[in-house]
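Everything below concerns the one structure shown next.
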Amino acid sequence: MTNGKSFLSRQDLLALAVLAALLFIVLPVSVDIFRLNLVGKYLTYAFVAIGLVLCWGMGGILSLGQGVFFGLGGYCMAMFLKLEASTPEATKIQSTPGIPDFMDWNQLTELPWFWEPFKSFGFTLAAILILPAIFAFIVGAAMFKRRVGGVYFAIITQAIAAILTILIIGQQGYTGGVNGITDLRTLMGWDIRTDSAKYVLYFLNGGLLMAVLVLCLFVLKSKLGRLLVALRDKEDRVRFSGYDVANFKIFVFCFAAVLSAIGGAMFTLQVGFMSPSFVGIVPSIEMVIYCAVGGRLSIFGAVYGTLLVNWAKTTFSETFPELWLFGLGALFIAVVLVFPNGLAGVYRAQVAPRVKKWLHTRKSGPDAPVQDPQAAE
Amino acid sequence: MTNNGRKTGLGSTRRGVILGAATAVALTAFSQFGVGKAHADDANTTGLAVTADTVKVGILHSVTGTMAISETGSVQAEKLAIEQINAMGGVLGRKIEFVQEDGASDWPTFAEKAKKLLVQDKVAAVFGCWTSASRKAVLPVFEQYNGMLYYPTFYEGLEESPNVIYTGQEATQQILAGIDWVVKEKGAKSFYLLGSDYIWPRTSNKIARKHIEKLGLSVVGEEYYPLGHTQFNSVINKIKLKKPDVIYAIVVGGSNVAFYKQLKAAGIDMTKEKPVLMTISVTEDEILGIGGENIAGAYATMKYFQSLDNDNNKAFVEAFKAKYGDEIVIGDVTQAAYLGPWLWKAAVEKAGSFDIDKIKAASPGIELTTAPEGYVKIHENHHLWSKTRVGHAKADGQYEVVYETKDLMEPNPFPEGYQ
Amino acid sequence: MNTLANNTDFLLSIENLTVSFDGFKAVNDLNLYVDENEIHVIIGPNGAGKTTVLDLICGRTKATDGSVKFRNRELTSMKEHEIVREGVGRKFQNPSIYEDLTVFENLEISFPRGRNVFGALTFKRDEEVVSRVREIAEMVFLDTLLDMQAALLSHGQKQWLEIGMLLIQDPELLMLDEPVAGMSVSERKQTAKLLNEITKGRSVLVVEHDMKFVEDIAHRVTVLHQGKILSEGSMAKVQADPKVIDVYLGH
Amino acid sequence: MFADYTWSELGSIFAMQGFAGLILFSVFVLMALGLAIIFGQMGVINMAHGEFMILGAYVTYLCSHIVENYVPSLFGVYFFGAMILAFFASAALGALVEWALIRHLYKRPLDTLLATWGLSLMLQQAYRSIFGAREVGVTLPDWLLGSVALTDTIEVPINGLFVMALTLVIAVAVYFLMFRSRMGMQTRAVVQNRVMAGAVGINTERVDRKTFALGCGIAGIAGSAFTMIGSTGPTAGQLYIVDTFLIVVFGGAASLLGTIASSFAISQAQSTMEFFLSGSMAKVLTLLTVVGILMLRPEGLFSLKIRR
């Protein structure tokens, strides 16, 4: 972190190595492609959770509308895939062949103008990154320049999530409505539904996640990272140190939005559809809880938190559907009351001292240890 | 689902389950004594979870979340049918065992669980889904892994998959006869269309509008409110302003309750001659929440009512109440869900095999004379031929059947001229 | 406007400054001037509007009327960070430091470079930064505690750290709100020494209650009462002013 | 759209639409008053507010069942008793929640949001386990159903009038409680300066608990009243939460009068737009307008200029 050295400390490298080992070796070896695909799906939420660590944990800006950005990314990708799946041959029984099926059912006779550019993969990729950033910039600039923060920001972002959901559902001719955009088949001619494709997508997703983590570490280790911590603590002091506080908040909000959108796009690719149920209030709040369970200050914690909550959800909801909601509710409360620092807090208190000791005794460098620490920071 | 998917789905192989085939064959090869029992390896060439004595099927509905309200009845009906089939000796001499999964009102969860049922549990058929969104989410899974889904809900149509048997009515079946009836019997000239804002009400109202306009009558208003909307006073005023002969309402869920209570409170008396309230979204299940006194006088068009007077239905209602208690009510979807296991049994027996592809091929033309709703038959397009009935809501929460179509209505999921 | 309006001799000139909160005038038609290299202290009873004056200068509170000119540039229309960049530093009444960061990081963040988003991302902790931080830390008696988390400092040390965070920006006008509140006697002495030292080359505007301390440092004293100036001049002069005595000792 | 109608018809429609707006206004005020106290006064983001309302609705449902089956003679008036019971049930649960959960979180408002969201999930599941996943129908006395015909063409729903009257009573009661009673004074004192209030001998913990319970109790009454116009199911509370928060924030969180003003503004906007546009778009436009105005004026309609 100091001048000249890499911004990655030994601790960070170890944490990255452990996560990489888990994602790229342990999981692919130990579970079948069906479960692995599920893990891949969960990991797409981890992008959102990481964004929330920066935005909420570091910057103190709680957004209850991250689903909006997840959805934007997911819908962009889904639009591209849907157009590819809607070739004139594949849709020749429609009244207007060549447009997505749901448009045909809604009497659209030509592709709406805003769908046109999504025929291009390059544009789609750009849109996934840029659209959420623009949207987040507008919302962020409007709110942070006027110093709307904390609770108000949370509630307004929540309202935005609600508005967007109603809009997507209501405009079903253009968006696929409540069913979403379904039946996505190929990406540039490559069938994404096969098992081999699922493997490739899983590793691509994992790789992106690692890249995002490294990027986040860079941001956090820069002065900007320290500024965020400073901001959360004493906003006025930062302002009276000559910083335009709003710009930093806008930046981190946009950054988190872009991360969410990447997660959304990967979600669409791996799951094969996108629907408004990932945009609304409930998924947005659930994403916050992933982040809280992991420890709102730790980007690695966010990944483990996401995996843990979703794993618990899948397992417990299979066996005790009744108990699951009680469990999830209790988890929310416990995280707030008992473990405000989540898994990362537990790790720091219990495991980190030992790892540190281990690192000091072994000068050979950070080989990935076999055990699976809960979280690292 | 596009046409292309249907075509390719038929020919696709069972990826991912071939491995299991050998095991299943080995397991079952030792126990083939029962007289008249098809050999397991004959009956099942694709590695499904079929032994000499049992066959595994899946039940996939929401037990938790917002949709649990609606899907409970379907789960109950499917379990009842399976129990009855087992009591009769099972399917091809095998007892049905079911694996139940919770879709948790969440569409990816549905897809995930559907995949689990097909890939891990290797079930021979799945009875499940309720909302269109959940069906859309699982459909690619069923086509990719070549599974069989029996889907119970009346829905908007615009879909036809070889891997799905639609045991509920598609929109034209449900709508056209009802509108014809209200035009003929009530002299209706003008309609006000209203619905919750999602695909089923919108598509259904579109079909209704086309039909109404074809008949030379007028639609004086059409409106949609977000799911969960609870304030209908403004639209009720608009209805009062337009004075339609028929209020055609496809409101669902919590909005339903609010809508009918407010309609009644606003002085629109459905027991009077005009306006007639006609709905396709309120079954006996929904009336429980709305309250019979709030909806008494409304007309519903669907294929089944609990009060249907025939022997099949009497036996069904009796068995249902014996299993789930006297208080229980049975709606259209519950009955359709009940048909699922029976239709599957008939198809398996006709094909002499649990093989998905053979069942697909055998399904069209299958008849069920024992259905509570009466005679039904599977159409080429995997929907059911069925009669459509008009029920008149009574204050006790039941419908009185006032009309039924003479002939079976042909299912037409892609209706020409209505799209 | 009076003849002073365009006077450029003063570093800071406040004229006809008024702010009202729902009709209550916390500062009422105030005129106040700060010279270069002057330690100017504002005193007054509770609720006199002392802190509000500082808030108005640094942009934390928007004036209802009047002007605040710094080097002849109008501050009232500027945003807080712009005012800071003009060369006005402000210390708050309660020590306002970043508790989760180390002393070093606290000072480093206040170092006036990389103040926009991109700059902060690419900011390098180079020799210049490190030596400047050390220099300031020594000045505010914290040179041995650079790696300590700021939350662990004593109250007095936190006050010093905040002063240090201002000094590293090298402001021309330093505003301190009760810098010695809660300090021990020896800390006060050190602080007085510190203030006398740092005033070389800059002006300091101080709000303070501690009369002994004011006597030690003040070049000029303004007594504020109910948002207006009651008396102004040297410490000895205002102490002898009967109006001041009345306000402080009367009823 | 109005070409075919006579002036008198139009007049009565607009009169009825005016009433519809007023009813919506009353519903909003009922929904939001409890939250205005809890969120606006105490700063607790109670995401379980809807579930407290539904508790009131379920209490009403139980009352209707019991009275219908055991003392049918009282059926005509049971609703009043049910509302009082609903108040106390929700208030008691509120006090319990405050004791177990909220009091640890007064300094972390955003965390109250998460914790109460968890609470709302648990309450939903509890309702589902106790009352079943299906919606329950609350039987109402006949006099509450139907409408009053003011003229030949103007009809006003009785339950709407009832809600309006109830809202008025509750708003007045809250005004007296918060601004004219000792408890209100203490509450406001605690809100403004907890330490000082404690120092002058106010039992701040008790005041917190009472205030929170009061907010929840009002939610209970609202829930009870909404059985007349809405549905009662385990997840019905979720339907109200976004609207309710927006109303309170839009009004300026700290001001009870603001909550009433914003209820009025939003209800009139929504009911007018619903009349001229289609339902979904009206809702989207209303929400967008509110969010847009909040972005331009984040402090809401009513705010105090505070000297910092």
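Order of writing sets the labels: A, B, C and D. Residues in every chain begin at 1.
Heads up, the rule we're going with is that a contact is a pair of C-beta atoms (placed from the backbone, for glycine too) under 8 Å apart; a residue touches a chain by one contact, two chains touch by 3 or more.
Remember, it's a predicted structure, so these values are computed and weren't measured experimentally.
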Chains adjacent to chain C and to chain D under the stated definition are A
Centroid check, CA-based, most central chain -> A
Higher number of C-beta pairs in contact (B-D or A-C) found for B-D
Averaging C-alpha coordinates per chain, one finds the centres of chain B and chain C separated by a number of Å equal to 74
Chain A to chain B, mean C-alpha position gap in Å, rounds to 36
Expressed in whole Å, how far the mean CA point of chain A lies from that of chain C is 44
Shared-interface residues of chain D (touching two or more other chains) are 125, 128, 280, 283
Within chain B, the set of residues that touch 2 or more other chains is 63-64, 197, 224, 226
Among chain C residues, those touching two or more other chains are 60
Contacts from chain C onto chain A in the complex sit at residues 58, 60, 79-81, 84-85, 89-90, 92, 96-101, 105-106, 108-110, 112, 114-117, 120-126, 162, 165, 169
Chain B residues touching chain D in their complex are 63-66, 68-69, 72, 197, 222-226, 228-231, 233-238, 240-241, 253-258, 261-262, 264-267, 285, 287-294
Seen from chain D, its contact residues with chain A in the complex are 39, 43, 45, 101, 104-105, 108-115, 117-122, 124-126, 128-129, 241-242, 245-246, 249, 253, 280-281, 283-284, 287-288, 290-291, 294-296, 298
In the complex, chain D touches chain B at residues 5, 9, 13, 16-17, 19-20, 23-24, 27, 125, 128, 133-139, 145-147, 149, 155, 157-160, 226, 228-233, 235-236, 238-239, 270-271, 274-275, 278-280, 282-283
Counting only contacts in the complex, chain B reaches chain A at residues 1-5, 15-16, 63-64, 101-102, 104, 106-109, 111-112, 115-116, 119-120, 131-133, 136-137, 139-140, 144, 158, 197-199, 202-203, 206, 224, 226-227, 414, 419
